[in-house]
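Following are the structures in question.
Paired with chain B in one complex and with chain C in the other, chain A is shared by the two complexes that follow.
Moving on, here comes the complex of A and B:
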């Protein structure tokens, strides 16, 4: 069975230094501990800079002894991430997973993956080929995708806005708060309630 | 006697493979002797159908044999390196259970080996505090509730159990388990498993450990027969890959298909693939289709008129009846739908040309069917013979001994005959796969092959007939029959004659039929284009060795060594056997001459 107390600890720990780490974790729909949503900010100095990337996280019943299943919701142009469905090719999410790793360390690893692609072990062959053959073009595409999909008007963001608006908050305020919390629904909700 | 000879051979060959055997030799020979007696006894009991002519170059291992050997290896490493049993086990597992490799690596660079495998020189104590946080569930526990591997990274018992349990249910990877801390590579060995895993998981773990000893070791393989628990240790470089397990299943050690000597593994693989693809369809295709006269693909006519258009890319349009081009049809042929060319031509007997074309198209299928039918018939005939052999051993022999007032020990010749039949059916079966791949244009070879095969087959049929039918009379007789002794001589004679035919056949095929051709061995070797020789051998050997060396894909060295061994150690190898004065072939246990074939 899923170790719920560990997941709860991880949620608290994962959001402790969101400002500096650029990583946050939240429940996806408020009740289900096995379905979470993570966000990472694009690392500075990469084509992903300025973007906020949403990652869908599903915890198998064997978690933390089995790795969490992670997938990019935000579309991203990267050799190790499928441009079609956001599937990730990263060893610690597969055979190199250890129960002493956490969702936060996994998200930080994803952030590191954005900084340091491994085109020799690609998930998306098209992207990897472009990365190796025409790096400049790769950077251009990746940046364009970041602008298009990972900035505040992204699909993930729209969903969150819609959800909070449905709770009865004015859309302008919701967008402003979500912007400030870098898309973290729970924190945004807290701010909206307190403000 | 035989077994002693074998040991000589085994050592000769072993010394050629330094990398593999250097560390094991002293121990290996001890084991070998002991195992040898065991296997030999077994074959006396007659299960071993190949015992007649085969040098045993392998050892059958039961589960308890395997455990014992594994334990011995672990003990040896642990003693020599002065490390714990668990550490020795981890090391051996990492170096694929090669004791010599562990020794080499360890004494070359112990520090590096320790790092790679995850063995610390001195265990690290857990942090000395009353309460410690578990690195997995993040709860705090008093230090006596925590466990750590040699690295001292503490985790609570519940998390350890989860970690170990998940690893074991994930598969044999659990044998290489490391500390859960991602920055730490310290090995988690069997001692921890024993302490932390559930009983069921412990059993699984020890099963994986056992399997790993066989599966990771280049010298050993499991018997592929379903449900069989024996493993086979093979002496690398032996002359034959054929292995007979204690479960009585015979298989090729190299490719683990059923035993197929004298045909090589590549031919067998091709043949089996072909059979999977075609055998079931063959009858149907032959009964229901005609090949397109142009592209030869089989076509089924399931409805409609006689105007057939072959599927692209061929698109040839032809008449189903006469298989002639449709463009030639029309009023002249009695209308499109009544091709009387066919009738007329047939009546005139002038239909040879297109009939022959159809013949040729059908030929490739028919050729295959010809060989397949004979292959399959010998296969089922062998199964039947095997069943007959068992019923003979289990009931009929006793009955016969009763009816003919002969002690069972005097009736062994009947078992010998059946063993020979079973073995010959197997060889004959595979020669049909060989024949299928023997090129049409190798005319001389083909003739020689078919002659040998025909002789062998005829001999076998006589023997089979005699063992099956003639014996029946004596089984049913009310009182001892006078001419039973005559029968004994006949059956034993047929057995040895048939054996000789087959030995000749096997030898000829294993040497790529090189005796054929007017220009002598060497020249022939270079022109040799039989399927076997196309597979290539490693050059750089003398002409003679090279021909033999080409007879099997990866076994080429084995064959070569066997032949060199035969030449140089002939006196040793033929000790206890008789040699035919005319052909210089050893003639097996009975010392009978090779008869007709030497004339």
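Moving on, here comes the complex of A and C:
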């Protein structure tokens, strides 16, 4: 059986220093403790800088004695992450998993993976080839993908603004509130209603 | 290639594949030894000759002989000796060889054997509640177990970890739960913690440890009889030989198919393939 008390503690602990760590964890759909969703920010000085990457997290019933299943939802150009489906090749998510690791440390490891690709043990052979043969082109593609897919939060923002404006709130107020709630529509709506 | 399969040339038989042949005079010895083992029956500390049959009953004793050798020479506990032997595929001579080459420390650490002389803290003497870093629960110090490597977690978490690993078929090498810790868990602790909650899984663990002597051992193989007679055969010396199990099954120790001397294993494999392929067209 899934250790729910540990997961709940991890959720609280994992979001304590989101600002500095660049890592956050949340329930995927509010009720199911086995389906979470994490985000990491692209490390500074890498082609992923400035991007926010969403990771789908599924907890097996044996968690934390079995590793969590993690997969990138945000498309990313990286030798150890599938450009097709976001599958990740990282030892600690497989045989090197230890129950003493947490979702947060796993996400931090993913962030570290973005900084230090391991093209010799690739998940995506095409990306790894490019990384080894034409590094400049790799950096270009990775940056382009970050711009296109990992910054779409701001694209989504316009839609959210439009939706709330249609509900009858002034656009300035909507933008300000969405800014404050980091794009969380429901919280924004609550604030708009109460204020 | 196709020609080779259909009609191996005689030069090939006599020439390049010489090393796959068995000497027929050795076979008599083998047969004699098997017979002698049969007569010796349950005698446990019989010296291994060219080959011997290990029955379900003598498996434990056979394993103990090797364990004792290593325990005595290296002054190790049984579980540490077993960890070492599983890592080095029950090859006692190789363990002793490597001991000279690499020294004790490297021999041990490569096998996942950690012996901490002075334990970091004395868990039994401190009475503050302890927070397990896996379940994040506070537990009494009496419900905490420390492994040889010095890492300690609550008994509940250890038990859960052991069960997951045993169910995963990793009984022989259950590693400590600490990240990047290579140490193998003490089998006595595994046994006692698991058996209090799941005696059936503890039994399975026991069986896996016992069968490791056969499955992680280059010189011992299960008899290939179908249905399985439950016996295993151990050889000393050349593993390219033919044997007879006490169940009557005659087989080649190297490829486990029926006895096929003087034909080599590779050629026998090709012959069987040829027969199989042809049978489709003959009928």
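The working rule: the second predicted complex is superposed on the first by the 151 of 195 C-alpha atoms of A that agree within 3 Å, B and C clash if a C-alpha of one lies under 4 Å from a C-alpha of the other, contacts with A are read in each partner's own complex, and residues count from 1 in each chain.
Heads up, the rule we're going with is that a contact is a pair of C-beta atoms (placed from the backbone, for glycine too) under 8 Å apart; a residue touches a chain by one contact, two chains touch by 3 or more.
What you see is a predicted model, and the numbers here were worked out from it, not measured in a lab.
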{"item": "Joint occupancy of chain A by chain B and chain C, clash or fit", "value": "clash"}
{"item": "First (chain B), second (chain C), both or neither touched by A:65", "value": "both"}
{"item": "Which of chain B and chain C A:99 touches, first, second, both or neither", "value": "both"}
{"item": "First (chain B), second (chain C), both or neither touched by A:5", "value": "both"}
{"item": "Clash-bearing segment of chain B relative to chain C, given 347-355, 437-445, 455-463 or 563-571", "value": "437-445"}
{"item": "Overlap of the chain B and chain C footprints on chain A, listed as residue numbers", "value": "3, 5-6, 9, 62, 64-66, 92, 96, 98-101"}
{"item": "Contact footprint of chain B on chain A as seen in their complex", "value": "3, 5-6, 9, 13, 62, 64-66, 92, 95-96, 98-101"}
{"item": "Complex contacts: residues of chain C adjacent to chain A", "value": "133-137, 153, 157, 160-161, 164, 177-181"}
{"item": "Residue numbers on chain B that touch chain A, as the complex places them", "value": "135-139, 155, 159, 162-163, 165-166, 173, 180-182"}
{"item": "Of all residues in chain A, those that touch chain C in their complex", "value": "3, 5-6, 9, 62, 64-66, 92, 96, 98-101"}
